[in-house]
Structure formats: C-alpha cells, structure tokens
C-alpha cells in the first residue's frame, strides 16, 4: 500500500492540466510594487523607510522587535512613494510600502554574497535565514528561522512536495526545474536541525517529480523520496508526517512533538538562496491558472506585483470569472479586488468560471456522515456546523473544533452544500475570544 | 424465578410507567432537558421508589390490613414517603455532599411525585408478596430511568433542530414522548 | 440550651401530630358515615354482577376454601357455578368470572379487570363475541378463524390473542366446574 | 370489626403516624441542621415550591441556591411563579439594574440595500460574524452593518426586526436596553443611548470622507459641519473622520441644531418614544 | 509589466476590472457534484423495482396505494412549508421516499384514506414538527406505519387474496403470521411442504405481505445499487440481516420444542420486512447514527429487537418497532460513539 | 390584581395544564372517556379549592420546617374523603379512576398553589385562585377527553357519534396518540396566548 494518512480525505478533480507542463517564466519587473508589512505568521513589521526614500533590491524595509516575525525587503529598486494601508490579499487592508520601480533593479550593497553552506555552523545558517526573511511557502507563512530552531528534540526533516491542492503546480515545477537547489536546501535544513533522516513526500499523481527527485537525491542516502497516495489533504503537515513516519501529532500539538519538522518545497529553495547567496525572500513561485485564465503559467514573481498585472501577463481572462482566488481552490481566499499584491504566501492565483465553482445553496444537514468519513482529523464536522450555527460554543469546544485544520474536505463532500468551514472558523474565533475572556477574568481574580 | 423476571421486564419495557401508564410525567418532562440531570434523576427515582415501596409494603401489610384500615392507604403512604425522603435528604446533605450533589438534589423533587406514590399503591392493590414487590419497584424505577434518559438525549438533539416556534419546548417533548411510546408498543404482548 | 432544643423539636413535631390527629378524626368520621354504604354498595354490585351472569338464581353461596367461587342456587337448588379465572391476554392477565351451569355448559362470563386494547381485545366483553359462549360445552371451546365454523368460537378480527385468552379462561372454568360437580 | 372501632383506629393510627414522623423529622432537622445562606432560604420561600423543574434546575431549592450564588442566573426563570415571583426574587438577590435612565439600542448605520455599495457577491452563511470572517463582509464599507441579523436573532425581547432595507430596526417600546444586541454585533454597529438622547449619528465609518462617500451614500464624511453648528460647544466631535456625540453635553441641549446642515443626514434628531417618556416621569 | 503585453489583454486596466463583481465565499471553492435531491431520487429509483413488483403481484390496489401515499406525503410537506413560510422542498424527493416507503410497508389493500393519515403522521407529526428534513428523530415512514398499526390493526393485518399464483388460497396471513400462530410446519405446508419452493417464493417475492417487502431479490438489487453509488454503507444491512439470521438460527426453534440451534435463519432473513428495513430504513441517514461504528451498533440492536419481537412479542413482525426503538437510541449512540480524533489514541498508547 | 384576574388567569394564560405544565399524568391517563376526564377534573377542582382554603386558614400556625408534610397531610385528608364518598356513592367511577385518584394527593399543581398562593394570601384570594385553577384544569381534561373519546372511540359520553361504519382511530385512545395530541394542543394554546399578548402590546403602544 502506498504511504498516506489513514483516516478521511477526498478526491477532488485535480485541474493540474492547465499549468502542469508550463515551464517557469519570469516576467519583467513591474512599474510599481506594493509590499505589505504583514506577510507572515506573527507580529506585523513596521516600515523602516519613509516616503521619498530610495531603496534597492533586497534592502530591508520592514522589521519588528517581536520574536515571531520575518523581515521584509524591497523586491526591486526605486523610490518609496507611499507608506499607507493598502489592499491585501488576506486581510482587506494592511500597512504597505509602495515602491515606484526605477527599472534598474539594482541589488543592495553586498548582495548577493556567496557562502559555502558546508562551512557554516547551525547558528550562522539560522542567522542567514532570519536575515533573508524566509517564511513557509506552504500557506501558513511561518517564519522559517523559528521553525528550524525547535525547542524539542527532532530526528526527521520532511519536505512537503505533496501539492495536494487542485490546480496548483508551482511546487511540481520547482521540484523538476530547481532540483539542485532543493537537494542543497534539504541538506542545509538537516544540518541546521541536526537530523539524520529526511523525507520528500510527493503525491503519486506527479510521477515525473518522483522520478526526477529520486535521481537527484541518489547521492544523499539519508533522504528518501516517497510517493504518497493522491488524496487531499495529503499535504497537510500532520497528514504528511503520518504518511512518511507513521507518527501522529496529538491534538493541539506541533510537528516537533513527534520529532519532525515539515517544510514546503518553495521554502527549502528559498532557504538555499538565502544561505548560499544571501538573497532575501523577494520573489516566489506562483501558479496562475484556472479555466478563465487565457494562458495559465507558473511564474517567478516579485513580492508586491499586483494580481491584475500578473493576470494581464498571462493574457488576461478568457472569460469572465466568477471567482478569483489567492491560493488553491480548497483553502484559498476568494478575492474581490485585483489590485492586491503577491505576498510571500501566495502560492497561486486561480480564476474559475461559475461552472467550476458552484457552491450550491446551503441546506440543513441530513446527517449523511460523508463529512465524518472525509475529515482527516477525526472530527464530526456536521455537528460542529450545527452547534456553531446555534452559537453553542461550549459544545463546539467539546467536539474539538480547535483541532480542525480547515482543510475543507468536509465541505467538498457535503451533499447539503453546508459551509462547514465558515461555521468552524467563526466558532474557533468565538471560542478563542471566550477563552481569552476567561483567562483575563482568572488573572484579574488572581490579582485580587 | 421466571415470574420475577417477567414481572421485571414487564415493568421496565412493556408496561413502562411513563410511556404506557402515564406516571411521573411532571419530572419526565421537567428534567429531561438535560442528559446529565436525567441520569442523576433516573438513579434517584429508582432508589427512592425501591426504598419507599418496601416501607409502604411493610406499613400496609403489618399495620393497615390487620386493623382494616386499607382506606388510610393513600394518606399514610404519602406522609410516610414524604417524611422518609425528607429525612433521607437531610441526612445525605449533612453526611455526604458528593452524594448529595449526585442525586440528593433530586430527592425533594420526587418526594411528592406520582410515580413514587403509585408504585406502592399498585403493588399493594395487586397483592404482591415482599419479593415481587421489590422486583416490581426496581423494575418500575429502571423503566422510568430508561425512558427519561432516552427522552433527554432526544431533546438535547432537538435543541439544535429547527423546531417551529410554537412547538418548541414542552409541546415537541410531548410529541417525542408519543413516538417513544409508539416504539415501545413493539414490546406489547410480549408477556 | 438542651431544654430549648428539645422544646423546639416538640413544637415542630406537634404541628405534624396535630394535623395528623385532626386528619385522622375527619377521615374516621367520614369513614364512619360512608363505610356501611360503601360496603352495602360493594355487596350489591357483586350480587348484581353475579345476578347478571345467572339471572334466574336467587342465592349465591360462597364455596369454602376457594376464593371468589360461588354456587348459584335457585330455591335451594344448585343451578350453576361461578368460577374466577385469570388467563393471560394481550395486555396481561384478564380477570374474569364465568358462570357454568350444573350440566357443564357455559352460561355467561364477565371480564372484571383486563388490560386489553380498547376497541380490540376489549370487545371480548361485548355481545357479538361474548354471546357465542352461551350453551357451549367443553369440546366446543376452541377458537377458530374459519367463518363458516359455527360449532366453535369465532375469533374477533385483529384480536386473536384476546379471543384465545378469554376462551381459555372459560374453558378452565368449565373444567373446574366439572371437578366440583363431580365432588 | 365494627365501624366505630375502625374509625377510632384510624384516629389512633394517624396520630401515631404523626407522632413518629413528626419527631423523626423535627429531630433530624435539628441534629443535621445545616448552615445555610439565609438569603437562599428567603428566595426559596418566595418560590412556588412546585418542584416542577421548569426553571431548569432540580427543584426550587436548587434554583434558589443558584440564583443567589451565581450572578449569571437570572431571577425570572420560575415559570409557574411568573412576574410576581420574578420581581420578588430580583429584589431579594439585587439583580435588578439600579434605577438608571433607561436605554435603547441605536443602529449606527443606514447603509441599507442600494445605499451602501457592495464589494462582491457573497455566498455563504447568513450570519454577521461568519460573514465578517471572509473579506470583512460583502459591503465596500467595512465598518457598517453586515445585515445578516445576528442582533435580531439574539434579542431576548423580540424588540428587533430586520428592515426591508437590510438594516435592523429597533422597536423602542419593546427594547429594554439589555445590550445583548450590541455585544453580539461583530462590527459594533449598535450603541445604547439614553432615551433622552436628542441626536444620534447613524454611521460607523472611520474611512476618510471621499472613500466613505464612495462606499456608501449615507456615510458620515467627517466634514465637521455638525461640530461647527453645535449650539453647546463640544456636543459633537469628529474623531477618526466620524462624528461622535458627547452625551454629557448634549443632555442639556434643548433645541438641537447640529444635525441641520449634515450633507448626508448621517446625524439626525431622534423622535422620542411616548412610552419611554412616561417611564422617566 | 511590458506595455505590449498589456495592450493585448482584455480588461487591461483596473477600472474595467471592477465592472463585474466577483463572488466571494468561504473555502473550499469547489464542491462535489452530490446533492440531496440526487441522493434521494436515486433511492427512489432503487425502490422502484420492488414497488413495481408489488404492483404486478398484488394488482391495481397496490398502485393506488403507492400513488395516494406519495401524493399525500408531498402535499402535506408542501402545505406545511407554505404555512410556515419555509422554503418549499418538495422536489428534493425526501417526501417521495417517505410516501413510497410508507406504501411499501403497508398491506396492498389498505383503504386509501388510511394511507393519507399515515402520510400525515409521517410528514407533519414526525418530520416537519421537528424541523423538517434532517431534524426528525424517528423514521417518518415507520412512524406513519406504526401509527396506522395502532389505529387500525385490523386493516393493517388484513392481507390480500392473490389468485393464480403460488400462494393461492392461503389468503389472510403472511408467512410470519402463520409462523406465529401455527408454527413452522404450518408455514411449510403453505408452500406445499417443500422447503425449496418456500425459499424460492420468499426470494422472488411470491408470497403474502406488505406491498413492497416481498421481493427479496429486487430489494437486495436496489440496496446493492445504493451501496455501489456510495449512498449507504454495506456494513449496516449486513449486520442487521446477519444478526437476525444468527439469532433465529439459535433461538428460532425453541418455542416449537426443537431446542437450540434448530431455527430457520433463511426463512427469517427473507420473511417480513427485514430486507427492506435493512437496506432502506436503517440506512436512512437522518435517523441513524452518523458514524459507521454507531451504524453498526444501530443495525445490531435493530436485528436483536426484531428477533425478540418475532419470537416473543405480540406481533408477528418486529422490524418497524425495532427501528423506531433504535431511532430513539440514536442520539445516545451519537453521543457515546465518536470517531477517534487524529493523534489522540496514538499518544495515549505511547505515553 | 383584581379578584376577577385572580380567578380568570387559571383558565387560559396560566392554564395549569397546558401552560404551567403541572400535573400532567391525569391528562393522559384518565382522559380516554369524557366521564372519567370530567370526574378527575372536578375532583381536582374540589381538592385544590378546599385545600387552598384550609391552608390559608392554618397558614399562620404552621412551623415552616414541617410545612410541606402538613400541607400534604391536608391534601391527603381531603382526597381520602373524596375517595370514601366516591366509593360509597359512585363505585363505578371510583374503579375507573383507579390509582390516579390516589395520586391526586401528589399532583404538583395542588401543592404548588398551596405554597405559592394559599400560604401567603387570605381566604378569598386563595379560594378564587383555587377555583380558577380548578376550572382551567377541568377544561383541559374535558378538551383532551372529548377529542380522544370522539375520534379514538367514536363516542361522546358513551353515545356513538359517527354511526357503525366509523372505524375509530385507536391511536388516540392509546398512549402515543394521547401524547401527540397534547403536544399539539399545547402548541396551539401557546400560539394563541402569544398572539393575544402581541395584540395587547400593539394596543398598548398605540394608546
């Protein structure tokens, strides 16, 4: 049997044909970039530049004192023309630095600077990654330097090459086209973590990638390239860990609790760039696809390029889309404005026609249990959605709402077309608020 | 032996006190809003019925019958049970707060409830012997507990259902009880 | 201190004692007034129900050692036995009284206490079914569903169990009567 | 046994029963007497002792205990006791709000259908909080009422209805000022106003004027005309591009003038409700 | 971005873009093609062969009953939803299933007005009073049937006279009825004392009984179709039928004095409403537990109670009541039987 | 509250059966025929009224520690007297009501009214309250029993109403139908009470 997670999962139409075989392209630098100060999990950065400043490519333009943050760098050279709240693909509006490109695309002083990663020690590697502002490309945008300094013993590093989201293909292309960097990156990460075992988990609907990487890692025996069963959400990190190692992360736990660290393909490549050449995280791979995009492509994009420009580069819309999504169709966020910028976490731009994304009208749950069968986390999504719609927050907690990874498998499979994930996200927010309120109350009481 | 078994099963399932004899409905509808409460209540009812039925049986057969005072049945039973339960409650409250919280709190609710009075009354009218009386009492109590727990779990689920406004609360509980008793009819004729 | 506590107890207890005393008085009084009437009424009802069973008897003599069993007499002549049985029906035991004439044929029966379904098994106490029993002998007391079979007892539609039970009760009574007659 | 004998026995037995149980109970009561919060006893007194469990507690005693000890248990749960009992319990437990000026809920948004522009077509759960999670709600204005009626559904007194324009409306006669709606609104669109309030701002947008106006025809654009037209200095201020009424100053205002010049009518005079007037007087 | 690239695209500047409104909904943005009506109508389709056989076998009155039950169920649903200002859902097929199943579990000769009252009990009293599709605690069709059974037991146990077929002349009783009152030999006698004929008749449906319950083979085929489509689990029907088989094999002969392990499991498995109950009624997702484990417990309990009623109870058949009783237990099962949360068991074991 | 209100609230607004939902058992157990239902209603009526009066007389002399047992004794005395009278003068009815006659003693509504009204009010109020509750209870019994006897048995007061071809819906005579019927009756009264309330409010706010 193929490696996979045991419970749940669904098989949505993968839609990868649109961009699967499109070689990565790099469009010209845009006239202007909008760089939001919040592109990572953690505290937002504060701009270190002001209107009128001239900045160069790779120059630090935002940072924070908080432990959990990732520095932000200019993605091209030019003049800062605005520091103000601007549209953002994840949070409607966010403080951003707008740079009018001067077209020279000059590197900041001393960049790029070559290093031989083999001579660096762990601390130096981490410092380089931190300086480059690398965050996870898999979606959660967790600062990579934090992830690579776990405070529990770990023994396994896993590269998540599942790319289980339908339509998206940038990880796939990266695995084929940038396998050298991947090989280096994996070794860097393993060195930084001090682990001896590595896995690369790839869904078996990408046989070329499996083949290619098996070849590439021939000389790195401690790394195993694993073909996993094609089943959404194979790429969710808990599922990936189970598929690779058979270990299960307990509810509320982190991968390091079972001795693992999981990183996305793109992250590893970015780490290679950061460590070997000192290049900050200023561009990323993004898939632009969907049945409404004239020419679907895999692109290497500067952070701050707007969706509109990217779509235009791909020939614009072939038909009027019903939805434009940042990310994949299962977990991505639908956009209503196209002047939002590409951020560090933007793995895809998806334009779908009404036929492809019929969500249907929500009806009462008929308790068919399909969602229960589909949930990889062993929850009862139908009950959660009902409790949440009745605002029974304690019940939600009792039924483990916090364990939901919002993968959307339940919603995908529900014949009643219930927006379970939306209910759950609301419930999570409310439960957290209640918890916080209780905490505050307890603290106040303790003070008394 | 068999007849005791028959009597027991009959009291639990076939002639279930709530669903076919309509006794103890006030608590049945009052307490079935919450599953945990209903479990405590079921336990409390069973034990109180058992104890008070035994006491009432003794009182009836050793005091009332010899003096031809069977017409004092009702009043003496009710005073006996009310006092006994109150005594029990007072003692438990003092002696064991945990036990009190588990089922003591339900005691006063049932002290003057018709199921607790009717079991002894039915038992003496049917002229049960001591052991029969005991089996009957335990069976009736368990039957009540069963119906109560089923009902509570159903109602907890209905809390999240789109029940029409007018039917919310006790009315829909009655309808559910009707369906429960319809289902329990399946056991009829078994004995 | 102790004294005070004691008096508190007595005081509280007195409340209940007095109430019980008064209530005992009232009930005693009411019983004294109604008791005889109730007894007479009960006797009368029993007499009446037996009279209904055996209309031409004028006296009912209880049989020693057998509860609720009577011998109906007419002018000192034994005419019938009245025998209680309790066959198992659809909803539990059916308590019934059967009148059996001295020649062993059924006169009539009544259901005293039964838990049969109203409108179904309960109909056993009503004419179309009950009427069939008159004059039937031991060998005829079998239930049949054959419409043409007039010799035996026709089952009530939808209540075969009750029909069987009642018939069985009557049959037992006839058997007992035969024993007593033989005595 | 004669009837006389039986009747006398009835008296004797009943008296015996009385003696036995009277003493047992009285004794047990003394012996096992428990310290009890006297207030609980008083509340228990006030309850009907139906032991019906309709309050959701296991009997009157339990409810009395809960209502005294737990500040979150309301005094009006006893169904058979109805309002009278609720009043008594409320008084005993001090759970009535002190006699402050009654308040009512005011909706600080007029961006109903066709007035506030929509950013996108929303498909999903009809719940304000849930709709806010994705892209802050379907209106271009991210401050106003989302219009899915969480407040309406949660008003315990059925004082709210969803207006045809997609903005909830408050029936001032029914509103008790409990504030449940205000606490549930994810955009904090609802504020509680004292019923003597004379003017109110019906907008929550902190967007700068131009944007606010583009997003919604009824928005407060923060122009400050109200501020300048206020007859009592400082009755209205513009904070974050939004007019804010200072109730403490407005309280004494007889003839409100501030709202007259508002170009979008975002600030307006309130019509006092007849019933509420009575309550104060 | 290069100017010439811009020129070629449609919707070249941002202003144009905002001309059309995009849709925003919560993730995921793609959904499977399954819908409630699709599931329901497939169930109807799976039931049609057995119902059609009923019409062929029992004649026109069966057809009338089916039509009356379905139409009245749909009309009641429509009227209630209209009255309550709810969304009209009569096209989703659930009321059709209820009506159809009600008719299929009643005698073919049932007076038509009783079918209407049965539909009323099913749709209004059972289903809509608890909130409509998805909220009812009890199987509506069975509530309708059980209600009719207590109301008019005579009509509900009056079986047809079928002429010109194998069971000619044994009108007025179903095999289970005969078993209850006459013992196993009487049943065999019915089929000419040939067990082969008996099993054959039971298998193909040439026997007396409720309108749609007789044809084992067609019902099983319908059930297999639903299993194939993934609408029902195979475990539940199998467990229920197996439970009945095993228990009747062990205890079925006791009351005829032949001792343990002398029952006729094949007969019990094919007689009565077991097959239709196992494939179409305990699988009603609304009234059964939501987890597979729960469904298996449900099926086992239903089988157990069925046997209890068949062997000991006042009724010859117990499927209807056993399912209703298990429906009552469903909320409890759902509370107690939950799937293992990811990671929970493993860590417990490890630590 | 006016005395009329004291009396009349028991009939609809605070109907002890349908609204307060107290003493539910008799409404199902003895309502298979109108005669039985009516007798039970009248019995309760009598007991609740006389007990209210008795309690309001003795309320000042009772120590509150033994209040409940004393009240119960009062009720039980009255009920026993009723039993004795029925036994003597209407033995058929006595038999028909069976164990439920004993149970009148523990009907929550009687104790509840004794505690909440009679132990705090004078004779007149207690009496009127008892009367009102009694009427409300009796009406509830009658309504339920009329429906059940009429449709469940085809008769009213024992007289056939629909002719011999009528096939009674036994479900109404049996427990399931009784439960469901009362459920719907309760819902109906709830709807009615609410619409009346609303109408009152509307009037109030207009005036």
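Observations on the structure shown:
As written, the chains take the letters A, B, C, D, E and F, and residue 1 is the first residue of each chain.
Rule of thumb we're sticking to: contacts are C-beta pairs under 8 Å (C-beta built on N, C-alpha and C of every residue); 3 or more make two chains touch, one makes a residue touch a chain.
Since we're looking at a predicted model, the values are computed, not measured.
The set of chains touching chain B and also touching chain E is given as A, C, D, F. Separation of chain A from chain E in touch steps, taking the shortest path, is 1. Per-pair tallies of C-beta contacts place A-E first. Note: centroid distance chain A to chain F, computed from Cα atoms, is 68 Å. Spacing of chain C relative to chain F, judged by their CA centroids, is 31 angstrom. Our note on geometry: chain A versus chain D, Cα centroid distance of 43 Å, whole angstroms. With each centre defined as the average position of its C-alpha atoms, the distance from chain B to chain D rounds to 40 Å. Along chain E, residues 21-26, 125, 129, 131-132, 135, 146-147, 150, 153, 314 each make contact with two or more other chains. Of all residues in chain A, those touching 2 or more other chains are 333-337, 359, 364, 419, 422, 425, listed in ascending order. Within chain F, residues 21-22, 65-66, 68-69, 73, 76-77, 80, 84, 87, 108, 111, 168, 170, 174, 176-177, 180, 183 each touch two or more of the remaining chains. You'll find the chains touch as A-B, A-D, A-E, B-C, B-D, B-E, B-F, C-D, C-E, C-F, D-E, D-F, E-F.
Against chain E, the residues of chain C that register as touching in their complex are 90, 117, 120, 145, 157-161. Those residues of chain F that touch chain D in the shared complex are 14, 20-22, 64-66, 68-69, 73, 108-109, 111-112, 115-116, 201, 204-205. Contact residues on chain B toward chain D in their complex (touch as defined above): 26-27, 30-31, 33-34, 37, 40-41, 63-64, 67-69, 71-72, 75-76, 79-80, 83, 86-87, 90-91, 93-95, 105-106, 108-109, 111-112. Across the complex, chain E meets chain C through its residues 153-154, 157-158, 172, 181, 314. Those residues of chain B that touch chain A in the shared complex are 159-160, 162.
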